[in-house]
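You will see two complexes here that share chain A, one where it goes with chain B and one where it goes with chain C.
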Partner chain A sequence: MKTHCGSSEHLSRRALLKGSLTTSAGGVVMNWGGLFGNPGWAEEVQRQKKHCILLWMNGGASQFETFDMKVGRPTGGVFRSIATNVPGTQVCELMPHMAQQMDKIAVIRSMRTSEVDHPGGIYLMHTGYRPSATVRFPEVGAIVAKYQGRPGKDLPDFIKVSSQGDAGAGFLGPRYQPFGIGSKGDLPPFTNSSLAKEVESRRHELRSFVESQYTQDNPSQLARMHHEAYEAARRLQSVQQKFKLDAEWDKYRELYGDSGFGRRCLLARKLVESGVAFIEVGQSSYDSHADNASWHKGLVPPMEQAWAGLLTDLKDRGLLDNTLVVWTGEIGRTPKINNRAGRDHYVRCWSTALAGCGIKGGLVYGESDADGVEVKDSPVSEGDFFATIYQSLSINPREENFAGVRPVPLAPFGSKVVTDLLA
Partner chain B sequence: MIDWSKAKPAGHWQLPFEGAWPTAVALLPSGKQLVAGNEKGELFVWDLPGDLVAEVGKNETPPLAPVRQLVGHENGITRIVALPGGHTIATASLDHTVRLWDLNAATAGTAEVVLDRESRERKAKKGDKQANSAPGVTVAQQTDCVVLKSHADWVSALALSRDGSQLVSGDYRAQVIVWDVASRAAKQQWQGLAWNWIVALAFTPDAKSALVSEVRYKRDDFDVPAAALRVWNVTDAQVTLDLLKAQFPKYDPQAASYEASQVWRKFVAAGLVAVDVSPDGKLLAAGQGGETDKGTIHLLDATSGKLVRSVGNHQYGVTDLRFTSDGRYLLSVGRDTTLRVTTVADGKELLALNAPRGGQFKDWLSALSVSADERRVAAADIAGLVHVWQLVDD
Partner chain C sequence: MRWSLNTMAIGFAVLAASALVSADDKPLRAVIDDQVRAVWEKEKLTPARPATDAEFLRRVYLDLCGSVPTYDETVSFLADATADKRATLIDRLLDDPRFAQHQADIWDMILFGRNPPGFDTDKREGIQRWLREQFAKNTPYDALALAILRAEGNTLDDGPPMFYVQYRNQPEDVNEAISQIFLGVQLQCARCHDHPYETWKQTDFFGMAAFLARLEVVTVGKANNLTKYAIGEKNSGDILFTGPAKDQSPGKKGEPLKPKFLLGAALDEPPLPKDFKEVKFEANKPPPPPKFSRKDQLAAWITQPDNPYFARAIANRVWAQFLGRGLVHPVDNMSPANQPSHPDLLAALATALRDHRFDLRWYIRELVNSQTYQLSSIGGSGEQNPQLYIAARTRPLSAEELVEAWRITTGYAAVETTSPPKGVATGRFRPLESGYMLRFFGQPNSGTGDFQGGLQEHLYLNNGPLRNLLTTAKGSLLATVSDTSLPIDARVERLYLALLHRPPRDVERQRMSEYVSVASAKSDERWAEAMWVLMTCSEFRFNH
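After this line comes the complex of A and B, so read on.
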């Protein structure tokens, strides 16, 4: 006799009631098996085919060297601000390409989050939740994969290109785990079979037969997961071309900038075009405890050119309306410049940005005080940030999944969608 | 000239320059005037007594305030060099300009400035209610200068030929410009590697060539940044010696290869941010900067480019260096808050001025300058002061 039930098998009275009551509001979608998903909501989400690209500034880019300049103040640093294509809005001189894309993005200058160090911050800004000993929260990519993914397609729904974060699919389960590829867009070795096609095909048939016989007698999640993972890896062999950039890089080099990050952003656009729901593209490392100005002088120009190129490319292809581009790291950086010419970790007031997918362009939301020490107006928590992201992607941020018997909303309880950011 | 083998400090003074980090300093040839600049672009001129020791005592900071403010730069000062004539300096700045200032030029009004703001605040915290309200000092302001404008990015490096007839400046778009001082005209220019920053420059004694160090920060963690340390003919803008190539024949600065990363790690470290050419033109010096474990200074043969020896005893990176006029010693400052005098022939340390401030990463000395007779040495300190040492050799 079982002494407990697995999360996918459990249907609480509360969930059952809620599921039956909230159909029109999105319903209750259970854990990774999706056994109790609301068909109406899922179909609506699928119909809209929204995508998300997360540009992850690993280590924590400085708000003072990007979007929240304090020129002339003691905290201002050495960079100067430049005008943008939005009258009255200025950004750092390191971002001339993004300055011409400001009409497409909304900057949040009033982030106030709750994890000041990297591991916690990376977890927080990938999941919306602080690390917990008892609940493995899923990353935003896994959630978008669940609600916007297209099961059975050859490409994974959640792809990470040279990025960080190890929360993965959390309690959503392995079906929504990220598929990680290297900094140059290189696929893992398992996506290449060393066998001749016919040999591989015969082996595949044999393995499928054995597997199906086994699962008939042993119907377990593990066996199913193994089967799905194998099938997914096998399907990838047929879409490897989607990850190859060399042939077309010359055409896009100028637009995205001649950098690794530029290539990764181009790859992200190609993957969106191919139907991938969520792609995370990382750039490291902004953890500039020393020589902050030099680090940003090195890191920001290739990043911002690639980002601007990505927005232009998405717009030109008609993809920006249904693709949310999120720019964030795990933390901001201190107003005070330390005696290593660096800025340390800071989460009381920092900046992120969103674009596309119903986000109002040309908007600066929130305000920091004169020295960028505190949020002066309209603070945005991590929960609010993720609630807004989900809303933008037509995913109900209050949608609940279950970690065991515990209902967990996509964005933490109490989070608010920042409606001012949405068109 | 001082006999460096017998040199020892007779006095040490600390001139307050608080509010923003002092980033550049120059003693005028006489040693009786000092110009220092900071990261905000402020420039001040101090008059120093003829004999600091006799007039103010060994370690007593003289009650000196700046006499003149040079107003014009709009962003941090990166380098100051003093021209041989004795009253002209050249300054380089993050505001993309190089400026020439005649310190005998007429001033235009005065201003009250406070250069000990942080000291006052510390006193106020201890109960001195008058500290913050005490008057500042009145300085004459000079705006008159010649602005050299051809750079399109931070001007990060500046050097002067020995005869004072040419300047060479370099920026963060890897552009190097050679200037004719008399005509204030750019007479030659060239471009370093794409994305690189020019971080250090020095003329050869005959001023026919310039040693140029370029580097850049990683553009992401998976990047092996390019670096170059090359001698350029300033007449035709051609490379006459590639020092990294001479050290590492297989090195391709544009390749993100294992070999390139090894060159970076061992030789370039966080960048060769300070360079000089020995007075006889036979040796080139290049110091590792940044937060490297040890600020190694490479001494390289100016003909073959081969490494002669590596010297230096700084903890963390070097920020500035220069040969003494006899070529036998190297003066260097760094991120360990010391000024060190190293014997070129064997790498032994002759003298260390200023104590390491202790602990990890405690401020740094950002720039170095020496008077013509080498009896005065000055260093800018990011803690908010300018050190002046008077040296004797008896």
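After this line comes the complex of A and C, so read on.
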């Protein structure tokens, strides 16, 4: 009850405001007015909608220093493995907090993907597709925003907090473009209005009238999109406090760990609670071509503590059942440790992880060979990975959108949902 | 034999047939209208009504000059009763310096995009100035392309070498760009593998790249803190072909591949003398020309009148610029798998353009004088059938156009002082910051209506510094409309004519009068708000 209270109250307040705007604004604003005084339905909507948080390890975290330990092998590196709360499953000693969350997550140790460098990999692991000169594929965030977002609500459906990837909404169009937040939760420029409320309000009403004059006989999709974006920008004014953390941080510092990534993960949880469909949280600098062990020693502990805190917090609030948490970067790292004690780019066999939203916890899927060079069992392609993500979010991976006249399925043609991962 | 050659043969047959069509001296604008209409009739479609004078006026200003008419120009055009006033306006705008500026802007975007790959290409005033000069004197397109491809001189004093500089010493990248821009074909898939559906083989890609393998960017001096670059060409050096990307392995060396024209003959190349020693380019000295220039051979082949791609590519590209969509769409993907919507028309356009010696100003004049261009954007079944040109396209204004339109319509441009107040930006986007405008509105738009503005654009419109444009200096729009000595009705009329280039409808007249009539402490505040509304609305944001 407690978790939904804030949001339904919020919807109702907005509904009141919008009631006076819908006529002049045209049909773009969904009528939430009926929700007022009917919190039961609001909760139902909230409950059915699914969310996704993508934890993006930019540069490519090493599987050998996280989930696919090869202790004692020439490729194994310097760290030891530790036991977890799942008997028989071990992870890197850099991840003591996640070791206690392994019952919630499914690790895939058999990723085999097809873009070995950063730009291509970042594109691939955000869209499921390799870069193409002719089709601008949308990112997973834009797709989730389209199928699990809620039109007419105040917060954008796709929010990126200090992360990478510039494919954006691709051919899905500007309505699903990501809204970017800085590494400290800072909002983009020009988010704040300096106008007095009544001035902003009357100016808005006049503008709605002018827009309706144009759109009533002009069928252009462009004008419609322009207007939707305007509405969204305007509504953002009233929800800026959702991006502020300072008041709460003290309470959660211990759970998420005192790091920038921890704060960003708390923000992601708050945004899920506020109804945002997709939030991406980035952590950078995994590209450890030299000194791989030191880099991971610095990066993994704050990341894994924040991730564990996020899973705990989502679970405690009853949100994990409807929130998928994806952990991946664009590439894995080489089994061979190079002459600078680094690991280079590697996509023939690497690891990712999923949790929540119908994903089986306590599972390790797929297997690498003794040295982590090749996938020994059950390879998972980028297409399979995204098909599984969509399936878990109740989105049909074979659903097609059109890039011009060309039908494009959400997950590439021929991708398979890894059903073993789904409860 | 690959079937592309057959396609080419068919293409030539069509060219020959259409040459007969134009032999009866029918103006190209009539050929366009006849062929577009023939498809409507076949498909039983009704086109939109012709554009009103007001619709035409704003559209043609934006398309030709990247700007909008002033209030005075609008009023005088709308009141003009002469029958050929549209053709007269077109002729005047084609001679306007802003025509050269706007076409140069468009070509700057085609050649570099908004975010070129670096190497000082963000400071490319040399080639921008050069492009402006070419459009001002109406250099034939084949000569313009030839100069870019030969890249003589340096980046500051001459300009053209900057096109190659952005791809610094990467022949594969230059090849992709040249093929797309000047030939209208996409070879990039063939960089890594033979294409499953297209005609190109990997050896076609590398055969073309081989022409460019000997180029080297050379620093030849400095001026005004900018580096001067020139393009040197060595006498030796080959591109190494290693086969399909998937079969590559470390240590495998490729085979040198000789230059070969796309789907054509191999280059006939004189051998180097036995005792030849390769020159080394020296800093701050113009690189000596090679004994035999592969680059110049390629440039000559691309721009020769009977090149099977060149005329079609430019005819199609400029068509798309004005009609919103290429006859082959997208414009840089001509291939057997992507056929034109109106094959005969494309052939006729290419032939006519070639026969007129690639005179782009003549070609553009024909396009914008056609009834097809002069349709309204409202009505017909245009949105469902953009490839049948049933209605005029709606496209977003570019960052440059939008700022220019604000500067003109608010009267800022007319009344601005030569030295702006402290803290106000100078430069082309004054009084706005070019950085923000390019970031939020700067995505290149090819005229295809690919609108990618989103939340951020509106945050800027809502909360950004647009107020800086609303000067109250005498002669500005805000000063004029808030002048209480004029009747309110006339002021509302002025507001609409100045900002949207049309008189207000009755309902607009009434609503706007009510809005500005409320007494307030600052009399011009309501007018400023009304101006903001019209400056940010869809009717302003788009060219329609």
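In this section, the second predicted complex is superposed on the first by the 372 of 423 C-alpha atoms of A that agree within 3 Å, B and C clash if a C-alpha of one lies under 4 Å from a C-alpha of the other, contacts with A are read in each partner's own complex, and residues count from 1 in each chain.
Going forward, a contact is a pair of C-beta atoms (placed from the backbone, for glycine too) under 8 Å apart; a residue touches a chain by one contact, two chains touch by 3 or more.
Keep in mind the model is a prediction, meaning the values are calculated, not measured.
A.B. asks: Please work out whether A:291 is in contact with chain B alone, chain C alone, both, or neither, and reply first, second, both or neither.
C.D. replies: The first partner, chain B, only.
A.B. asks: Please indicate which partner A:351 is in contact with in the superposed arrangement: first for chain B, second for chain C, both, or neither.
C.D. replies: neither
A.B. asks: State whether A:388 touches chain B only (first), chain C only (second), both chains, or neither.
C.D. replies: Neither: A:388 stays clear of chain B and chain C.
A.B. asks: Scan A:174 for contacts with chain B and chain C and give back first, second, both or neither.
C.D. replies: second
A.B. asks: For A:66, select first, second, both or neither according to whether it touches chain B, chain C, the two together, or no partner.
C.D. replies: neither
A.B. asks: By residue count, which of the two partners contacts chain A more extensively, chain B or chain C?
C.D. replies: It is C that touches the greater number of chain A residues.
A.B. asks: So in the superposed three-chain picture, is A:334 touching just chain B, just chain C, both, or none of them (first/second/both/neither)?
C.D. replies: neither
A.B. asks: Note which residues of chain B are touching chain A in the complex, please.
C.D. replies: Counting only chain B, the residues touching chain A are 21, 39, 75-76, 94, 172, 194, 197, 216-223, 225, 290-291, 361-364, 382-383.
A.B. asks: Mind pulling up the chain C residues that touch chain A in the complex?
C.D. replies: Residues of chain C touching chain A: 186, 188-189, 329-330, 333, 377-378, 382-383, 394-396, 436, 449, 451-464, 505, 507-508, 511-512, 515, 529-530, 532-534, 536-539, 541-542, 544.
A.B. asks: Hey, which residues of chain A end up touching chain B in the complex?
C.D. replies: Residues of chain A touching chain B: 58, 78, 80, 162, 183-184, 258-261, 283-285, 290-291, 294-295, 297-299, 301-302, 338-341.
A.B. asks: Would you tell me which residues of chain A are touching chain C in their complex?
C.D. replies: My answer: residues 133-134, 156, 168-169, 173-175, 177, 179, 188-194, 199, 202-203, 206-207, 209-211, 213-215, 217-223, 225-227, 229-230, 232-234, 236, 404.
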